[in-house]
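Common to both upcoming complexes is chain A, partnered first by chain B, then by chain C.
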Partner chain A sequence: MPTATTDSPVRTALRTGPVTPRRRARSGRGAAGRSRAERLAPYVLVAPAALIIAVFRLYPLGLGVNFSFTGDGDRNGQAVGLDNYAALFEDPLFLASMKNVGLLVLLLPVAVAIPGLLATFIYLRVPGHRVYRSVYFFPAVLSPVIIGAIFNLLLAFDGPANALLGTVGLGPVDWLGDPDIAMYAVVGVHIWATFGMALVVFLAGFATLDASLIDAARVDGASLPRVVRHVIVPGLSRTIQFVVVTTMIGMLTSMFGLLYVMTGGGPEGSTYLPEYYIWFQQGQMGRPALASAASTVLFCVMLVVGLAQIAVLRRAGRED
Partner chain B sequence: MKRRALWSTALIAPLALYGCGSAAGPDSGSGGDGGTLVVWDWKSGDATATSYVEAAKADFAAKHPDVEVEFVAQPFDQYYNLLGTAIQSGEGPDVMLFNGGGQLRERTDALLPLEDYLAEDMDRLAGWEAFSADGHVYAAPVTLQGHPIYYNKALYTEAGLDPEAPAATWDDFLADCAQIEEATGANCFALGNKEGIGIQFFLSGMGPGVLSPEEYDAWIAGDRDWTSPDVKRVFEMWVEAEQAGLNNDGVNSTAMFNDEFAIFDAGDAAHVIGLMSDVGHWKDFAEFIGPENVGVMPAPLANPVADPSLPYDGGIGYGVAEWTEDPELAADLVRSLSSTAALEAFYADAGAIAADTTIDASSSGPATAAIVDQLQTGKPALHVALSAETLELMGRLSQQLLSGSVTVDDALAQLAESDQAG
Partner chain C sequence: MNALRAGRWLAAIPMAALAIATVYPLVFTANVAMKTRHEYVLDRFAPAEGLRWDAFATAWASADMGRYLANSLIVVGGAVALLLLFGSMAGFALSQLRFRGSRALYLACLAALFIPFQVIMVPLARTMGQAGLVDTYPGLILAYTAQFLPFTVFLMTSYYSGIPAEIVDAARIDGNSAYGVYGRIMLPLGRPALLSVGILNALFCWNDVLIALLLMPSAEHRTLMVGVTSLRGQYSADIPTFAGGVLIAALPVLVLYLCFQRQIATGVTAGSTKG
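And now, the complex of A and B:
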């Protein structure tokens, strides 16, 4: 608890302010009133932010969790204990959505490696690297709905992608209609749409890389893969960690638009993600309490992922 | 300095709080009070529904000149999400639009029984079944929605078939399809099952030719035997049609709205199980292939004892929220929204088969006439009797049936379980 004698950040901030007006204020009033005001000031200053978080974040969160223990439909408002959670873990759709979260985690290295590799090529100044730098970033400014619509056309059964496959003698692939392929197609489109941002972060990381190290490695006769493996990757470890964290968050929280436009959760429920499942149960099935339970589970998953990421970032900070 | 900080805190805090809370705007969409009725729908924003809304407003204003009616048009794809939130909070519109069937039945807790207010309209309007649950009526039908089997008469002619005498049995139908495909290259069915809705149309469109009249009526009444050979036959036909190559390619990745209908519009498929109102219907098709080429056929018989009839229900209808302050006033608005004058405007502009049986629809081409002719003998569609959960499961299973990852027996067992639980 900050008191008049401790060094709270707020007090420090006040102390570093201009000295003259403070003296004037002190001379005008009694010492007791001053010290009480000084004691209260940090609380008052923090209060709006704390209130906003408590009223608009924590309280609704508590309400939501509480709501997940009530029933839907006929049992609306009644406490049903863990029934909703039991229903969730029996629902093949929800299990499929959790499985897809696992798939996203498995695909994360690919989503990080692609921008990393391309950024390396740009850094190493392959011919036309300036053009590529802007071209790669371009999809990042398009909304998921537009991207979804574009790829709906490209990946349609009688669309250009299959026509291209046809010209090289390969059979058509039902990109968005085959349950074994659809999720990869959507994740692929998501990576295509978002890797530009990670690429920019990588390029910023490269800017801090010591060029003399690479030159030294080259003089020593190291091949390109060895330069990448032993010089570039260690030098970029913090950038890579940052990209891993942000890419993971992006995959877990911003695929809804693409799923909605491209597959609608199908075929056969193979492209559900928890977010889409929550929206579906709440709105389409009229089961808000079940959706709350799913939200609570998703919140816990994100909490674990988030804490793990904070731990990773902290460790990276310490290495520094 | 400190005092200034305190003052600015005191000033900023409420501002910040107000800023956070004001995203919804003052009183938007809240329940009517002081002579205002709020209506939620997804139609009133369409240009084609303008005359309908005007006619309904005029009808209501004549009865209650001092009451204002506010239409709030919501986007359809978010409609039930928004409505769910309103229902959860126990406040929202006084009058709201519903699709008949599951969407309404799942929310009857939030609706007022209207049979006492609407007694006079019972004979004039058709399609009540879809807006009724447990012996109560919860909404008045505006349009009728059904699933006629449309066919392209030009393709029939091109294939050397009589366009006025489509096949009456499933076997003849298959033979005709083979002939059409050979002569014109067109598929038998335009089908899009990306959303899992294709099976609903197929069940309702083809079911009348498979289920005996007794079994059909029992199904609608809630006594559904998922193990019966006839029900199994419908799902076998669904698989058979795909395996025999009757459908266009990539059914599970083709959207029904509107890629499926675009295939039929383009003359690339000879048949489509469409709708009667709104989209994917006689008016849309007539624009592309000409009104004279749009045919409507009864379900081909796959069971000699079946007696096919037009499957249709109340399509959309307005209901009254149970939290409304003056139920009689709101019910009067519902009556205005389904008055003959308003529905006539809706039929003429929006291309919908209106729920009012007194409207003359014979001038809109042979397909419309054929549909309206069959309204008297028509029965509720099979899929409309199912719960939203079962329909969702059926959508997923239908995709699995097409890809061969589930057997018909297994699918039916899952559906029976879901149907009995609901």
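And now, the complex of A and C:
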């Protein structure tokens, strides 16, 4: 333990003998006067958490990056330089998954605007606002696996969604079987399932907003869009930033369950995301080193996206 | 003023529609589970002819859901207990005790918060395999604990920093050691935060499928969510039973949500306003 070496003989002498409460109280004037056990206490309290985080979260990150420069199969353990990364960017599946990341980035404003707008309405006390909050949030607590299973039923080719479309004369859509549509269907379900989460965060942000500003704008006869644009958005810049970053992280890292249940990456690999690709290469294809390279790329993508968004929002906030 | 009021009523319409769209998929699934296969094929939307629980019973018995449920309860219970214990210990130390390296430890914890599981899953699976922890309860419990510990420590630290230092000092003068302060003061005072973070962690662990798929490959150790993923192949021709199985798996979360809605919302929003 780090402090064990910084003992002075005087303090050690003070510590001998049973420590009664009264003695402790007298000697406990400052950190220096405490017993050894007392000075070690913070480290003992932190140790389990620190060890688990270090061993199972921080260390694997380094290990994985290292691992991505070694080979799979016959070349197991050998250094192969950038071969895995080269293989990655020649793999159509991985390229498809990166293309889908681009799609997610494009859809991000939608995924943030919907809960933002709904939260605004709830904040402005739309009739029934109390109910909406708990109803909207509900799907956010369900497992993606359960949501995926339910939407498998709803979006089946001969399922209710198409039956509904049929009644208004629109042809059946192969929601999960058409490579041009499947990804949108899955992202749509993801947004449906998670907008309540962002909504609750927005509402918490609204609670910190100065209500008198909005009242003043109302008295001045400002229209709703103007109130949103000039009062609410600037006042919530921090919350918006938080929602943008967490929504993006959510899109990049919590769609595995949906993909696994709804499409399995298909049709024709059109619904691959990096996380699904990593799992596929590691678990199904037995190519852990290649999967590690994909992990490293995903990590970089997340860093870049996160930092870029924060930078953009900072600038937007300053202009206001 | 008037425009705003009119706007409010106008907004209420799409909002109500959205609320229906949010609830309907679940209602639809429940309705399907009450139907016979024949009824379902004839008309998907019509209300079931009566309350039939056959589909639930069939799914429960033939899909081995009891075993999956037990596995989930063991793993989630173990992970949440460890998370609350280690998270509150570390949160107390990081917020109320001064010691060398506390800032660095806190920052390391914060950094770990931003490492997604997908990024470390390959080396983690390998390390777990070498340690003989794959396909064991302790292995999955440890993986969940590691996954959600940064978040738990972060929340407990910010909650405990709101407790005045005078309370800790007073307890010290009364002769409590740091451990005594933790056990007698911090644990009881932290109850609201522990409840909130505990429920949230239970949800996260319960809902996970990726970590469980990776670390619990054998059929007998499947968690409930992994079990649900295999339902579809099993009952592709028997949609009502499939729907029943899905609903059984959703039920515990439904109950948890109805009881602890406020705590869940508190946990989700923590950290959003403070940045």
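Just so it is clear, the second predicted complex is superposed on the first by the 246 of 320 C-alpha atoms of A that agree within 3 Å, B and C clash if a C-alpha of one lies under 4 Å from a C-alpha of the other, contacts with A are read in each partner's own complex, and residues count from 1 in each chain.
Operating definition for what follows: contacts are C-beta pairs under 8 Å (C-beta built on N, C-alpha and C of every residue); 3 or more make two chains touch, one makes a residue touch a chain.
For clarity, every value in this text was computed on a predicted model and none was experimentally measured.
Touching A:F138 in the superposition: chain B (first), chain C (second), both, neither?
A:F138 sits against chain C, while chain B stays out of touch.
Once chain A of both complexes is superposed, is A:P288 in touch with chain B (first), chain C (second), both, or neither?
both
Considering only touches as defined above, state whether A:A41 meets chain B (first), chain C (second), both or neither.
It touches chain B and chain C both.
Examine A:W279 and indicate which partner it touches, taking first as chain B and second as chain C; both and neither are also allowed.
In the superposition, A:W279 contacts both chain B and chain C.
Which partner, chain B or chain C, is in contact with more residues of chain A?
Higher number of touched chain A residues: C.
With the two structures laid over each other on chain A, which partner does A:A204 touch: chain B (first), chain C (second), both, or neither?
second
Once the shared chain is lined up, is A:L224 touching chain B (first), chain C (second), both, or neither of them?
It touches chain C, and chain B stays clear.
With both complexes superposed on chain A, which partner does A:G235 reach: first (chain B), second (chain C), both or neither?
Neither partner.
Now for A:P60: first (chain B), second (chain C), both, or neither, which partner does it touch?
The second partner, chain C, only.
With the two structures laid over each other on chain A, which partner does A:G71 touch: chain B (first), chain C (second), both, or neither?
neither
Give me the intersection of chain A's contacts with chain B and its contacts with chain C, in residue numbers.
On chain A, the overlap between the chain B and chain C contacts is residues 21-22, 25, 37-38, 41, 45, 48, 52, 55-56, 279, 282-283, 288.
Help me check something: in the complex, which residues belonging to chain C touch chain A?
These residues of chain C touch chain A: 1, 3-4, 7-9, 11-12, 15-16, 18-19, 21-23, 25-26, 28-29, 32, 44-45, 85-87, 89-90, 92-94, 97-102, 105, 108-109, 111-112, 114-127, 142-143, 145-147, 149-150, 153, 172-175, 177-179, 182, 203, 206-210, 213-214, 225-226, 228-229, 231-232, 239, 242-243, 246, 249-250, 253, 256-257, 261, 264-265, 268-269, 271-273, 275.
Which of the residues in chain A come into contact with chain C in the complex?
It is residues 2-3, 20-22, 24-25, 28, 31, 37-39, 41-43, 45-46, 48-50, 52-58, 60-61, 63-64, 67, 118, 121, 124-128, 131-132, 134-146, 149-154, 159-160, 163, 192, 196-197, 200-201, 203-205, 208, 218-219, 221, 223-224, 227, 238-239, 242-243, 249, 252-253, 256-257, 260-261, 274-275, 278-279, 282-283, 288, 291-292, 295-296, 298-299, 302, 306 of chain A that touch chain C.
Would you pull the chain A residues touching chain B in the complex into a rising list?
Touch residues, chain A against chain B: 14, 17, 21-22, 25, 37-38, 41, 44-45, 47-48, 51-52, 55-56, 73-74, 76, 93, 155-158, 172, 174-179, 182, 263-264, 266-269, 279, 282-286, 288.
Considering the complex alone, what residue numbers of chain B touch chain A?
1-3, 5-6, 9, 12-13, 16-17, 20, 78, 80-82, 84-85, 88, 106-107, 109, 194-196, 249-254, 259, 388-389, 392, 395-396, 399-400, 403, 405
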